[in-house]
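Consider the two complexes below, in which subunit A is the common component and subunit B and subunit C are the respective partners.
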Partner chain A sequence: MGIRFILMVNKQGQTRLAQYYEYLTLEERRALEGEIVRKCLARNEQQCSFVEHRNYKIVYRRYASLFFLVGVDNDENELAILEFIHLLVETMDRHFGNVCELDIMFHLEKAHFMLEEMVMNGCIVETSKTNILQPIQLMEKSS
Partner chain B sequence: MASTTSSIMDTLFQRTLEDLIKGLRLQLIGESAFISKALDEIRREIKSTDPHTKSNALQKLSYLSSLHHFDMSWAAFHVVEVMSSSRFSHKKIGYHAASLSFSDSTPVLLLITNQLRKDLTCPNNEFEVSLALECLSRIATTDLCRDLTPEIFTLLSSTKIFVRKKAIALVLRVFEKYPDAVKVCFKRLVENLDSTDPHIVSAVVGVFCELTSYDPKSYLPLAPEFYRILVDSKNNWVLIKMLKIFAKLVLLDSRLAKRVVEPVCEHMRRTGAKSLMFECVRTVVSSLSEYEQAVKLAVVKIRELLLDDDPNLKYLGLNALSIVAPKHLWAVLENKEVVIKWLSDEDPNIKRESLRLVMAMVSENNVVEICRVLVNYALKSDPEFCNEILGSILSTCSRNLYEIVNDFDWYVSLLGEMSRILHCQQGDEIENQLIDISMRVRDVRPELVRVGRDLLIDPALLSNHFLYRILSAAAWVSGEYVEFSRNPFELIEALLQPRTNLLPPSIRAIYIQSVFKVLIFCLHSYLLQRESTTSSYPDTSALSELASKREMPEGSNLATFKAPSHSEQDEVFNPRVSNQSSEELFVGNGGDRTMSHGQTSTPVTSENSFTYEAVVNQLNLIELALGPLTGSHDVEILERVRNLLCFIELIKGEILESLVQKEENLNSAETKSSKIIKLMSDAFSEELGPVSVSAQERVPIPEGLVLKENLNDLEMICGDIQLPSSISFSLVSTHYEEGVGASLLDLQIKEELEPPSEATSLLAEHRKRHGLYYLTSEKNDIVANDYPPANDPKLQDNQNNDTEDLVKLTEQLLVSKKRPNQAKPRPVVVKLDGDVVPVSAKRPGPKDDLLSGAVQEVLLGSDTRTSTSRSNLSDKSSSKRKGKEKLITDPSSELNENLGDAEKLDHENPSSRRSKHRTHGKERRHKSPRKIREEREENGQKEKKKSSHHHARHKTRQRAEVPLNVVSETPVIPDFLL
Partner chain C sequence: MEQLKTIGRELAMGSQGGFGQSKEFLELVKSIGEARSKAEEDRIVLHEIETLKRRISEPDIPKRKMKEFIIRLVYIEMLGHDASFGYIHAVKMTHDDTLLLKRTGYLAVTLFLNDDHDLIILIVNTIQKDLKSDNYLIVCAALNAVCRLINDETIPAVLPQVVDLLNHQKEAVRKKAIMALHRFYHKSPSSVSHLFSNFRKRLCDNDPGVMGATLCPLFDLITVDVNTYKDLVLSFVSILKQVAERRLPKGYDYHQMPAPFIQIRLLKILALLGSGDKLASEKMYTVVGDIFRKCDSTSNIGNAVLYECICCVSSIYPNPKLLEAAAEVISRFLKSDSHNLKYMGIDALGRLIKISPEIAEQHQLAVIDCLEDPDDTLKRKTFELLYKMTKSSNVEVIVDRMIDYMISINDNHYKTYIASRCVELAEQFAPSNHWFIQTMNKVFEHAGDLVNVKVAHNLMRLIAEGFGEDDDAADSQLRSSAVESYLRIIGEPKLPSVFLQVICWVFGEYGTADGKYSASYITGKLCDVAEAYSNDETVKAYAVTALMKIYAFEIASGRKVDMLPECQSLVEELSASHSTDLQQRAYELQAVVSLDAHAVEIIMPLDASCEDIEIDKNLSFLNSYVQQSLENGAQPYIPESERSGTLDISNFRSQDQHEASMHGLKFEAYELPKAPVTSRIPPASVAPSAELVPVPEPSYSRETHQVASVPSISDAGSTEPRLKLDGVRRVVWGKPTYSSPTSSTSNASQSTSNGVTQVDSAANVNSKARKTHDSRKPEAEITPEKQKLAASLFGGPSKTEKRPTSASHKVTKASSHAAEKSQAPKAAVVSNQATLEKINHQPPPDLLDLGEPTVTSSAPSVDPFKQLEGLLDTTQVTSTVNHGAVGATEAPDIMALYVGTPAGGQSSSAENSLPSNSYDINLTSELSNLTSGTTNAGATLPTQFTKGPNPKDALEKDALVRQMGVTPSSQNPNLFSDLLG
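Showing the complex of A and B:
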């Protein structure tokens, strides 16, 4: 399993999106998110985007007020994950138009839908923005 | 009726998710109150019969569970209800809730199998299929996987790319949960590798990347397919995954490495994407490190990364460098400056990586310089990183019994220096090393005692509880090797200073025991001195006579030594003097305390150190300082204090008397007390040596001793007693009879020889140590069976010879102030057979033997059981599938055509190659089946050319049910790399 989880957390440390690709209990999730937020949010812009945590590593990137954190296995390619985060943000940008934290808050299900198109079972399965957004657009049209 | 109304009301006035989020943001009544109110609503709404209300409630619940961690397991049944809704938007909410909240132990999982099957086979809505696939990829259990394998198998060849790629990604979980699915699905998965659709290839490669990382061996036969993708693919995501696969595979087969190294380098040179470039670098440094050219290229790229401003690239550069370090240290050395520069980077992660690399560079030639640099960094760093630096210095230097340390004097003083660093929290480790070194390396003991004294004498250190363990080691060393001390009285005072009451009892007990040892030494020396004074009366003792003789050749320097000696003594006593007032406060009746204090403060000249007054003062001091402790509640302290005080009681009378006798009757010095002192001194000078870990095993178990008695009851009684940290030393019997006296005398002589100024005293210690206590190399062998004998007679001889050379040596030393490192042989470090160098950890076995077994079976195509189970399954689903089941036979020929240029390899002896192969594989026993199969190929009955294949490879297809005679074949990995 390459990607273990994807989190979006705002500057205040509130989770805005959490997607896990392995089962964790609520307690484990709460603890994990707390630890990661403490570790990553304290870092500044001049520091690198990779943090080792427990037995995996976290690749994160900050966009405006939102942190995108991806937990990956140790042998995962860090730069590829950074590109993946960027792709995710671009995709959301294309859909919402200048995406911001509120968009993700109020359209969480769409954000999840995009992620589901991109990542399955911890593997990245789709990297084309058009393909990712196609089902959502279809769904919006039909409803 | 009532319920209907309420449900209508609910529907009309139900809060949507959006309302909920808005309410949360407004927080009029506080978050927790708001949420509990919302949860109450949800509990009511979710029971509604209206699907819209129900799904809306579930959506809100999922939101609260996902982001606010509220339990939603109670709603599992409602999730199933919503999943089975006919409207896609509701279904979607249901599936999302299921993948969020279901675990293996969720009971309702049993209810969803049919729903999932229905959705997986839904003919006209690929989005429903995709929903089910996604959900399965998160929640699939063994049962679900088993029951739904046929459906998933069908989807693996779906014409809809959108569905097929998801089915492929799902297969990973299916294999993991239900390895038998491999027999059904694996071939179709492999076929997808040849797909022309990039999405499919990308998904399959992702799956194989994961599979390979668990158990690379099983996928070696697929190397030709992988190789083709590696060469042909233009997709960086795919290439990165491919490189990961090959990083694992080439470790198993060197010929594969030979073939892969060129394309990897090509990608590294050509690509503009940093991620792909870095993956190439990582593959080369981790798996292709024997290929000099490739490594050189990789190091060039690493250097580019290191010099980049982007901290991410910097970090990765360091990371890659630390992978390459063990095999190609030159790569690190080439970038030494950059690496050390990043030691002061503002990112702790980068600093840590850089520290790791610096430690990788350490060798016996540069350990001194590097540690100097690192300690300077430690002084400047924040506490956390400071301790990381110290920790890595300690672990690196102690590796393999201090393998890289040549100059133990330096190392011991470094330990002392590290203890004084403000943030140092490495007390335990430093303690262990101090004691370990003291026992293993004889030659360093004088320096150890000096370092220990410096630590003990500083009252400021007593306030830092991280240092207590170090102080305890210092106290122990000072007591054990007090004969090397230049001023034992000073030690006693240091060990008894008032601030020692800050120490925890266990360590204080060690202090007191050390006082005991030092005192015995003082008294013993005093007695010896007195005896010798009586023998050669006229004023100068034999000792001082000897001493002055020794000093003669340096006569001209004598004057210069004298002057600094005083200043040094002053310095030494400064901390104590400054502390004097507090001491007086502490000792209520400070009267004779000050007296004794004043007297000991006068510099104890080395010549007449053990004067009568000094000894009596010490006795008084000890009684005074320890008196209050006789009421201690700690049993260790109490026992040691009692021992010490009773001993003083025992001898004090006679010592005092001896003053009176001193003038007249010195010959009859054989008093009771001196006998006791001698006895005690003998006891204490017995040397403690390191004990082999396996020593206990060699002790035969006495008859009648029940070792395995169940002592569980004991835990009830002493459950709260903490075991002491294990320090492996114990009393050993040694040949001390050979003359403790003599050695003591010698030592004293040396002590007196010592010119007391700091610089020269250091030199003198070098001189003193030089060759004196060398254990001969053959002795090391003896050590393996026995303990190192202390005060070996041979050694004593050496000692005596060497003392004569001391003068000459000192001269040499004075000429060349600093001895070059190489000139100094490394002192002997006592090794025991128990000190096993930790062997690199066993490689973890394949994560899932079942899975790899299944994969190998399928890839080697030889299991009849497989084919039967397969046909069973295929009966259930479409029958046309049967024909498509193919066995991959002899991919070697494929690669031959594929790669063409492999003729060179053909000249190798094929049998040797195959045998090499067999060592890699698990289940390869036999080499004949290949021939048999080739013959069958020639028959051509079941053979079809796969014409569509653009690489013109041919694969033989065999109907699963046909080759009954294949049963006899044992599986073999085809030699696909020919």
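Showing the complex of A and C:
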């Protein structure tokens, strides 16, 4: 399965985007987000970008005020996931230009569309920025 | 105010091209963004729910407005509230013809609904229709939804269409169709088992994206069944080779690495295929070695690929050269300042240690550093490594450390985990009975309620049976030391229930066995336990039974039993208990006590917990009673099956079931028509037209046949045709100028048909060979007196000479043909001769290796922008970016330089001079900005640096947002710090 969920959370612990690749109920999501955000936000810059939580791992990376958290299975390559986060940010940056938290908030659906292109069934399926953005650009043009 | 409204309306109509959203939506987002607490956020969302409930069901809502409502619903759910009242509107939106609305509808539905939700049935029809659409973007949107919403019952409804789409002219559709099949495989493997050949076919798709996606399902399939896919080894190797040679489109490059995510996936697959298979592994050595050489070790992504190489190397049949390369990378990881790399290094070490146990010794100090690091993640990873290298010589140190850590943490999940690890190691390697009991006591005392009950039962069994040797003296010594330690512990307050059960049981069985303690002493203790934990019925039950055993042993040995008054009152109390179990035990105790010695000895033999109890299933001891009854005129018993007049019920039922399965709906797809096996394509034609990526593609019938004939494949398989031509499509990635590598790969493909059978026939032999290799016990390697801990962890005092020399020899040899090793200065602190010697043999420290931080800090007087430019020019952009995250300790240096520059204008001009790299710079500055945030204790920073390269953009956004009435709130500066200067 690989990736179980992708979360974007700001410094105050407020969720800015949440995508789960296995079904969790609202309560489960709330609890999980609370727990892991508390865990990750408490860590400092020197510590690893990885946190073990229950039976999976969270790989996280911080950009300005926004944290990107990716929950992965235990056999996943953490460094690669760390770079996957960066690829996601680069892709969003290419689309929005100087992407920031507000871009994601105002264009939540577009951020989701990008994720839909990049990750399916919890697997990374596309890593070419052109390929990821093309459907979104075409869609914008048509509407 | 009026003006603002106008602007808002204009924006809503998109006339200004702004965010294209209504004022209302912007206000909502703004207020959510400015919420200071969870409570405030909840208030906003609850208000929003009220508004939406009212508005969303109004008639004739314009489509664009509806889309916004749907996204507001998404917000509500994202922030943890129920938006189920609006699900139906999301479902309706999927029916819309406009692509954007449709896709938004699908997105919302996938975010809201599980695949067994009732509303799904309303979408399946739409999905079916959309899968047939002429617009490939609509097909893609539908396939995305298929991957999230279709469950095993609805698979048949879309399966045929999805299969058709595998050959769609658009690569994006083929890719998503493959992933839809992948999803079906997860949901119900049997539903697509006849379609596996499609994965093989798509592996040689001429679009690298489709190929890359296909690796996901193939990885899963290979995980489950390696042998069926051994024939693909050459294909994967050849693909990996091409990827590493940069033959994929530039778009897949990431930080100068060619398609690293595909490389990683391929390495994972090779690790599976080469595991315990020498022949298959040999085909991989070259390409893995190439990647080791080519990988950029200064970037995160390069290290990610290197780490995957190590995983691969430690999984496949060992190759000395590759192991050496892997060891070298590991030592670089461990010596790095980055905690991330250390973590990867420790993990990699744990993998390699199984194959070459000696490499751990070079890194003992690094390992101990990690163990003592305050970072929990690193510490746990290191415990994982220690667990793997535990042997009887170091078990005491390791388990003690684990227990100390276990006591210090609150995380119950991990506590449970590490407790079971401790128990496992203690059972396996315990140096003495005494130590074992002590260790178990500590584990139970501190994590008792988290420990699996089985562990407690195991402990009881272990105390009863001893360590397996026929040494009665040792066994009884074990028992008395257990009793003694429990008597000490029993006084502690609040012991876990499981532990108390063990204690009571041991007291009952062995409390008085060695004659050291009197029956009244032990029974007194047991009564104390029962009293102190009067809420815990299980403990009380254990205590009463223990009392009964002790009294029984006393009576049997002919001593007179004086029941303590507290025992008597306990028994009386329990005989009136609400729990029938406790009552029964109390009455049993009273009954046993009143019996004579002979009867008691038979009921409760001394130390008989290990005796087998024979169960007479025929109840033959009742025979005389039955006989007597029959003579008295009772009816004889007729077994159920022989009773006349009744049908055999079980038979009947099974028949019924059979009927049901015959008449039930048939959800399975019909099987493909099977072609006769013998008419397969002749092998001779394969080689000449072989594609760049040779992918043998047995058809369905072939596959089943193959599975059936696996055992005999070594003789039958070699003559049979194994490849099927897959059309005439040639897969050519990359520039045509690469002519020589092409020929070499096609050579490789020619040998496929032979190679395949060889692999199969040799698989058994190799796995056997591998097994013997693995089972070779790790030698008890030993180092001289280091730091105490190092010594105790890594071995004892003998063989001091051998290790350092061989290590240094290895290092010099390695450095001669591969990248130079960097030597962390920390290692030099080691006061040990052996290590010093090792260091002397190593090349001088290479500062550039992982070295961005070092470079900057060593030359702080240089103009920072020049330096940045220099870094960027030498295509080190990525490492600069990484440096912020990786070399976090040094980051403030760069930052300080930034802050020192007088104006933001200068920074942007410097960075603008490199337009192609401006993005990366932006990130770099952003990263350095955030590190500075920590140095400045969270104060908002000169944000113009954040937006350095593109001040115009930022200003425009700023203006736009202000226009819309969204003013940055001073209480919540961070949210807007990116946007507003």
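In the analysis below, the second predicted complex is superposed on the first by the 143 of 143 C-alpha atoms of A that agree within 3 Å, B and C clash if a C-alpha of one lies under 4 Å from a C-alpha of the other, contacts with A are read in each partner's own complex, and residues count from 1 in each chain.
The criterion applied here is as follows: contacts are C-beta pairs under 8 Å (C-beta built on N, C-alpha and C of every residue); 3 or more make two chains touch, one makes a residue touch a chain.
Keep in mind it's a predicted model, so treat the numbers as computed, not measured.
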Touched partner set for A:Y23, first subunit B, second subunit C, both or neither: both
Touch test for A:S49: subunit B only (first), subunit C only (second), both, or neither? both
Return first, second, both or neither, reflecting whether A:E90 touches subunit B, subunit C, both chains, or no partner chain. second
Using the superposition described at the top, list the residues of subunit A that contact subunit B and also contact subunit C. 1, 14-15, 17-18, 23, 26, 29-30, 43-44, 46-52, 77-80, 82-83, 105-106, 108-109, 112, 116, 120-121, 123-128, 131, 135, 138-139, 142-143
Given the complex, residues on subunit C that touch subunit A span 19, 21, 26, 29, 32-33, 35-36, 38, 41, 71, 74-75, 77-82, 98-100, 103-104, 107, 111, 114-115, 137, 140, 144, 147, 172, 175-176, 179, 182-183, 186, 209, 212-213, 216, 249, 251-252, 254-255, 259-262, 264-265, 300-301, 303-305, 307-308, 311, 339-340, 342-344, 375-378, 380, 413-414, 881, 885, 888-889, 891, 919, 922-923, 926-927, 929-931, 934, 946-947, 950, 953-954, 957, 961, 972, 974-979
Within their complex, state which residues of subunit A touch subunit B. 1-2, 14-18, 21, 23, 25-27, 29-30, 43-44, 46-52, 75, 77-80, 82-83, 105-106, 108-109, 112, 116, 120-128, 131, 135, 138-139, 142-143
Would you tell me which residues of subunit A are touching subunit C in their complex? 1, 10-15, 17-19, 23, 26, 29-30, 33, 43-52, 54-55, 61-65, 77-80, 82-84, 86-87, 89-90, 93-94, 97-98, 100-102, 105-109, 112-113, 116, 120-121, 123-131, 134-135, 138-140, 142-143
Looking at the complex, which residues from subunit B come into contact with subunit A? 17-18, 21, 59, 63, 65-67, 69-71, 88-89, 92-93, 96, 103-104, 127, 130, 133-134, 137-139, 165-166, 168-170, 172-173, 199, 202-203, 206-207, 209-210, 213, 236-237, 240, 244, 274-275, 278-279, 282, 311-312, 314-316, 346-350
